[in-house]
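Each chain gets a letter, A, B, C and D, in the order it is written, and its residues are counted from 1.
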Amino acid sequence: MDLTWGPAEEAFRAEARDWLAANVPAEPLPSGDTREGFARHLEWERRLFDARWAVVSWPQRYGGRDASLWEWCIFEEEYYRAGAPQRVTQNGIFLLGPTLFAFGTPAQQDRFLPKMASGEETWCQGWSEPDAGSDLAGIRSTAVRDDAASGWRLSGQKTWTTRGAFCTHLFGLFRSDPSAERHRGLTYFLVPLDTPGVTVRGFGRLDGDEGFAEVFLDEAFVSDDMILGELHEGWRVAMATTGSERGLTLRSPGRFTATADRLVELWRNLGEDASDPGLRHQVVQAVIDAEAYRLQTLATVTALTDGASPGAESSLTKVFWSELDVRLHEIALALLGTAAELEDNGWAKGHQFALSGPIYAGTNEIQRNVIAERVLGLPRR
Amino acid sequence: MRFAFTDDQLALRDAVRDLLAKECPPSEVAEAWTNATGRTTRAWEALRAMGVLDALVPEADGGLGLTVLDLVLVCEEAGRVALPEPLVEHAVVAAPVVGAGRESLTALVGAMSFVAYADTADAVLVQDDDRLLLVPAPALVLEPEPSVDHARRVFTLDWSASDAAVEVGASVACAEAIDRATLGRAAYLLGLAQHLLDATVEYASTRHQFGAPIGSFQAIKHKLADVRIALEFARPLVYRAASSIVVGDPAASVHVSMGAAQSIDAALCAARHALQCHGAIGYSYEHDLHHWMKRVWTLARAGGDASWHRERVARAILDRT
Amino acid sequence: MDLTWGPAEEAFRAEARDWLAANVPAEPLPSGDTREGFARHLEWERRLFDARWAVVSWPQRYGGRDASLWEWCIFEEEYYRAGAPQRVTQNGIFLLGPTLFAFGTPAQQDRFLPKMASGEETWCQGWSEPDAGSDLAGIRSTAVRDDAASGWRLSGQKTWTTRGAFCTHLFGLFRSDPSAERHRGLTYFLVPLDTPGVTVRGFGRLDGDEGFAEVFLDEAFVSDDMILGELHEGWRVAMATTGSERGLTLRSPGRFTATADRLVELWRNLGEDASDPGLRHQVVQAVIDAEAYRLQTLATVTALTDGASPGAESSLTKVFWSELDVRLHEIALALLGTAAELEDNGWAKGHQFALSGPIYAGTNEIQRNVIAERVLGLPRR
Amino acid sequence: MRFAFTDDQLALRDAVRDLLAKECPPSEVAEAWTNATGRTTRAWEALRAMGVLDALVPEADGGLGLTVLDLVLVCEEAGRVALPEPLVEHAVVAAPVVGAGRESLTALVGAMSFVAYADTADAVLVQDDDRLLLVPAPALVLEPEPSVDHARRVFTLDWSASDAAVEVGASVACAEAIDRATLGRAAYLLGLAQHLLDATVEYASTRHQFGAPIGSFQAIKHKLADVRIALEFARPLVYRAASSIVVGDPAASVHVSMGAAQSIDAALCAARHALQCHGAIGYSYEHDLHHWMKRVWTLARAGGDASWHRERVARAILDRT
């Protein structure tokens, strides 16, 4: 066990920290879940890309640095510590990216990864449908073979598609084998949102920002080379992506340690006047939990570096960080007292966003089922 | 000993419920979110016509001569429909001090930092140390503050530049006004929580995932059972507080804070579980669930959060010798 | 709404308080869940009975006072406030008693109620079996008709029978119709434990006291007049009893308000030195909860007095008081600090007993199902 | 950066696990509940023979020259079997101060009020302000105290009448001893919690009610998932604390208290859910579940409860300027 960083890693950290200090916008950008804010964020993403910080763990030829998982952790820590902007490209880079590396053809990788890294093409996730939320296998959108055109006609409706109104592309599952049920007979498609037959309607999330979209598809044509992985094997491909979503890549510990640091600052300002004497220990416990998450990630990265592959344990992580995020913000609101109700108090929007954590990427109820059945081995019903 | 409302009180509740079902449907609340005032156009006048706004004013002075025990269920009904009006501030807090016949009153008493609906008030009842002042609208300098609840427009208030404020009550009246404000808000929170529970039971009974209504899954069932339990053991404390105010129980303030702490916790629990059980649908701005949730979040802190009220109880029951 | 007591009720309270002040043993009795302690408690129960305080709500001819539900509440409040001994007869008086009043023949009532009230005959509850815990309808013990003897032969095993090793009688359910399943075909029997074929083995509960027993029945004969209610209708009869157990009669609010008072005293002694600054508000919240339970009971009694009948709402009550009881004791242990681990600290045994609350009389998981399905109307699986 | 144990450390853990499976089965723990000493007859000598008891003593002085990073997993294994022995007190706390070859040492340091297994110790390491004293058995005046855990006999201690106590360490050694005691107890609690989880998963998989194993019900599943989560995010804090002690990290004491708070909470959660999921069977004295639960309840407070440790962290991270 060695919990110190080597010279190369310290150098990497210093380089990242220096660049971020010099480049992170002094004023917070407008919300990336609004049309104007999204555009402003893409400018920032382009700066990241130009300095090769957009996708540090990717190969150099796609704009990355071939960084190790350790370096990725370090970068994320510095990124959040610097208060750098939200990554509006994250659903592409963190969810579709790893799937493309694992399942994409070389042609697909060359076609999609560089523009994903630069933000020229932006990706939203087309999993959920009105009747397929927690129960993803209930997907009804269809892909019908068009032999003449060597491709597929996609029809149906996706919804709760994060930033779908601003993105250029969608990745998602469609039922390609109408006779198959549940998680069989699904295919993973890559869909440009300007395809004829595709209509996108943005709508508001809890905080009112237009962060959601409905995507309607009416016999929208995509060619065969827009299938990721094998035909009818979309579930297996997608599960690799949702593993990323729940696990390591979506919510790096730096996010929560940085929030915990802000909470400590808030406590120092307001703690003595708080009406709840228990808040002192609640703040401390949140710091301990953020630290626990950081350390657990270091243990996971060690295991991955040793060749382990992530499994159902990612459900443990997802429950923990999502509920920690809610606690961090609830404690902050408690410290703020009556100012908790103001949208501009620095925590209210974060609170509302945190409340989505126990819902998206598989509700925490589903995750606890997974933990019980696949980690603990309890019997299914 | 009799811990139940009278038939008259229940009849008033039912009448208000019917009125609000008609005059304050969810579409009216949604409308208030974006209109100029954050208020409804119809419900306030209908409540006035029924006499509710001046209900606590003595009959001789133009009111109905009722007590907070009559109005506590009315406030609860207002919460059920998330009525975006200063009902508590006007009818429960200010009118009994100021008198009948005012257009629209609001109040800033107790642990409040902001005053709701002040831009549409003809006067504000404010606490100044242990005195109550009435500040007429022209004397108000209002600074709008962005509440997360857009149908509850709030402001900070400055009346120092004007000498138009008049004292309308001294320390006892002031303490009583704070208690009434807290009680009204607690009852309103009960109503909000009840609606959140009802709406979630309804949704969970019809939404299917994995081949079954999600309300048939134990994880959903137990969350909603917990909300039901929280309500069951919050209501009696709020109702008792109303009774204590009416009979002048020396412990009335402690009883009010007990009811406030419990109803705040129950409402926050209801909001939390309602959102989680609704999932992404409830997280959508287009769904009206958030109108109730955000009202819970704001009222849970306005005038003191649950801990603020627990501390008030603590000083009474732990610190006495 | 009138939350004051009338002169008659105040007089009743004063009489109870005076008697208790004069008669409650100065030193706590040894645990009623031990053989010696049980005998000592029976002496106390006899004193209660002689002064007509054993069964205040029963008719005078059975040793009661025809007290109203209000007076019963008052008596319970005074009983706990006085720190009077645990009622070791409670399973008879509070569970079987109401059932006998509702379903017993006049002969059964005359035969059993007076001796139950005096403690001359003591009753234990024979619901649970090794394979029928939460799932009471899984009962396997049988009742086989013995026409020649005009009675029934009972066989099987009951377990977790509270104070079974010290009681004289058992009431319980037996499967009288072997062709019926689940909750059908059960009959409610009254069984003297000295019946030939009955063997009782006491065993320890969590705190080590011999508060549990296994009762083995091997063709034990009971005559027809030991059936309570109709043949094969035992489930319906028993449900009336479990309603009592969960609801009003088993855990009167006085128990928890008295414990909350003790907790406040403990806080005044130790609160300033406690390591957890949040304990101050936890104590307050426990007091508020005890008060909420008291008030909710007053509302329930008002409704019952007005003619309402108790229903599935009793599940709300059971969950609340049982979890409140755990909290009251956990807060006390937190205040005690390292002394929390000592058996003689005044709270440890109470803590262990409190932990049984969420388990017995139908686990709180079952109760929450009942609330969801029968109070809220959520769909069954 | 490498956050994992070495193969040697894992091999030692496995060897101790095998040893304890053989020498400290549940029947041995049950035996300790009623025998004269509260201890086992076989496990202690087997651990001595393996060198575990003096493992932290330098090789030159007759020990194995290991560190707490090697022993933290050993303590966890001891917790898994609820080993009723002063393993933490002797091997982790006292031997590195006192030296090798002692029969049985125990310790009274930090926020402890009682000293465990003192009647069978040949000496007790005690904290006296910021010094460490070694008090030999003949100088001890012991007052037995009734722990709810009968396989953890505890005593209050008085050595004031004797001049046999000798100073064996000053302030740094004293602070380090407290940290080691806390770490060892935290690891022990992890092991207790792991056993409680394992035993409950096993029980819930086989116990049938309502025609299904109770472990197939979501209410049971989610409780046990919560225990698994609590353990997942307690272990890394405890292991990091061990590392910090070994490398002399200036924040070692804070890290130790973080690990202690988290493992105490995880273990209490495990005990609570284990009992509830077992139901009346687990509530029976004849079932051995309570041996683990009661060890959790006692160790969760001995040497400072979770709040005591949170307060230690608070002083370091909140109060600094």
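Methods note: contacts are C-beta pairs under 8 Å (C-beta built on N, C-alpha and C of every residue); 3 or more make two chains touch, one makes a residue touch a chain.
Computed from a predicted model, the values in this text were never measured in an experiment.
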Chain at maximum distance from chain C, centres defined as averaged CA atoms: A
Inter-centroid spacing, chain D versus chain B (mean Cα positions, whole Å): 51
Averaged-CA centre spacing for the pair chain C and chain B, given as whole angstrom: 40
Residue list for chain B, restricted to those that touch at least two other chains: 217-220, 222, 307, 310-311
Residues of chain C engaged with two or more neighbouring chains: 276, 278-281, 365, 368
Arrangement of touching chains [line / ring / star / complete / other]: complete
Of chain C, residues touching chain D in the complex: 128, 131, 133-135, 138, 159-160, 203-208, 212, 274-276, 278-279, 333-334, 337-344, 348, 352, 355-356, 358-360, 363-365, 368
Chain B to chain C touching residues, read off their complex: 1-6, 69, 197, 201, 204-205, 212-213, 215-218, 220-222, 224-226, 228-229, 232-234, 236-237, 239-240, 243-244, 247, 258, 261-262, 307, 310-311, 313-314, 317-318
Residue numbers on chain A that touch chain D, as the complex places them: 1-6, 9, 70, 264, 267-268, 271, 280-281, 283-285, 287-289, 291-293, 295-296, 298-299, 301-303, 306, 313, 316, 319-320, 365, 367-369, 371-373, 375-381
Partner chain A, residues of chain B touching it in the complex: 111-114, 145-149, 154, 208-210, 214, 217, 219-220, 275-276, 279-281, 283-286, 290, 297-298, 301-305, 307-308, 310-311
Residue ranges of chain D touching chain B (in the complex, touch as defined): 217-219, 222
